[in-house]
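Encoded as structure tokens, the structure appears first; notes follow it.
Labels run A, B, C, D, E and F following the written order; every chain starts at residue 1.
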Amino acid sequence: MPNDQLQMLLTQTPEEGYKLAVKLAQKGIELTQPSEEIRQMLRPVYSRNPDSLIAASQVVAIHFQTVAAANNYWRMWTPLYR
Amino acid sequence: MPNDQLQMLLTQTPEEGYKLAVKLAQKGIELTQPSEEIRQMLRPVYSRNPDSLIAASQVVAIHFQTVAAANNYWRMWTPLYR
Amino acid sequence: MPNDQLQMLLTQTPEEGYKLAVKLAQKGIELTQPSEEIRQMLRPVYSRNPDSLIAASQVVAIHFQTVAAANNYWRMWTPLYR
Amino acid sequence: MPNDQLQMLLTQTPEEGYKLAVKLAQKGIELTQPSEEIRQMLRPVYSRNPDSLIAASQVVAIHFQTVAAANNYWRMWTPLYR
Amino acid sequence: MPNDQLQMLLTQTPEEGYKLAVKLAQKGIELTQPSEEIRQMLRPVYSRNPDSLIAASQVVAIHFQTVAAANNYWRMWTPLYR
Amino acid sequence: MPNDQLQMLLTQTPEEGYKLAVKLAQKGIELTQPSEEIRQMLRPVYSRNPDSLIAASQVVAIHFQTVAAANNYWRMWTPLYR
């Protein structure tokens, strides 16, 4: 599906970058378990397990590092030193 | 909700940067489990489990890396070498 | 097998880069468990376990960091600041 | 409490940097479980569980990466190449 | 044993770099459990446990980041922008 | 004890750098569990558990990233491109 293809990692804001990081994390799960049906079945399991939620949040954090670096951290200026 | 939107990753101090990292970690959990009610129910579970606490602290650590890099580590000067 | 050899980390798009990251993650598993037969046997186990799926997605995320950096994040331009 | 505020990430030595990394890891746990009493109760549990100790050490490792980068790895000189 | 010593992190190709990453991951295990006999005994356990395989693959992924950065990602050219 | 203090992160070779990474990982465990006696008691437990060994190896991998970066990857030259 074309709009599922990653076109680029650039986003206008950190907020959009965070959403892209979430999408990247989900993509990893979809590629390992391609069945939408099974994924839907698993969702209530992990979304009520605090350790799963924390683990999912960690994958997002790793992707957000990548997206943030790709966007030069959405900086408009560079801190003034030296 | 507008004030939940990430506007930028720049903060005045490492202390504020750390708080932003915590917010980024929570955001990941909220996006996976949007129900405030369920999250409140899970809180006493993971906040008394040392392994969950360590895992949550790790997600914060990963986001703090991102925020710290975005802020050039809040450096005012560059070390003098060469 | 020649086409299993990693030639380079450069890809045309983030989408292809993501696929390379998945391949890199699988390579790690294949080197630890070389038997195709055993891996096939394990697949239904971990692909229906949400925590395994999240963990697998995390390995992909780490490799995607590497591939994205190798490709300079597929940027065509550098943000205008300073 | 003022002296709990992170003022900066710069330290004189890697040793002090490591201690700051430990402090950053603890801060993550304190923000998730603010009760000193509960944390004291959990301490004997995780400090005798090897997996918890390894996990805690990992959080410190991630923060040490950040602190080390912030301090340009406490280098006094740059290696001579090219 | 001399040929077990890490001489440098440079390799000719990503493929060789990946093998070095695997070696670095094994080195970590050998230093914690020096007994070849015990390690051989543990091998059938973790090599048939999908979660162990994923975890082992993650350690390789982290080392591959290091090796790839050391080799400037085996790039022959730099992308043309600005 | 003075010789337990981290003086710097520079080493002559990757081999020494790896040993420093191991030392950094152990330091994290020692700071969380200061009792040498308890640590000795736990050692046979985790050194025979494959998942603990993999987790310990991961902490070393993270520290090795830091040490390798501090040493500019022990490069003597920069790859010729451009």
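Everything below uses one rule, namely that contacts are C-beta pairs under 8 Å (C-beta built on N, C-alpha and C of every residue); 3 or more make two chains touch, one makes a residue touch a chain.
Chain by chain, the UniProt names read as follows: A, B, C, D, E, F = Hexameric tyrosine-coordinated heme protein (HTHP).
Keep in mind it's a predicted model, so treat the numbers as computed, not measured.
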Chains touching both chain E and chain F: none
Chains contacting each of chain C and chain F, listed by label: E
From chain C, the most remote chain by mean C-alpha position: D
From chain E, the most remote chain by mean C-alpha position: B
Same or different contact residues where chain D meets its copy chain B, judged by the half mark: different
Averaged-CA centre spacing for the pair chain B and chain A, given as whole angstrom: 15
Computed distance of Cα centres, chain E from chain B, in Å: 30
Overlap residues in chain C, where contacts from two or more other chains coincide: 46, 51, 55-56, 58, 62, 65, 69, 75, 78
Arrangement of touching chains [line / ring / star / complete / other]: ring
Ring order of chains, beginning at chain C and proceeding to chain E: C, E, F, D, B, A
Contact set on chain A toward chain B in their complex: 13-15, 17-18, 22, 46-48, 50-51, 53-58, 60-62, 64-65, 68-69, 73-75, 78-79, 81-82
Complex contact set, residues of chain B against chain A: 5-10, 24-25, 27-29, 31-33, 38, 42, 45-46, 49, 51-52, 55-56, 58-59, 62-63, 65-66, 69-72, 75-78
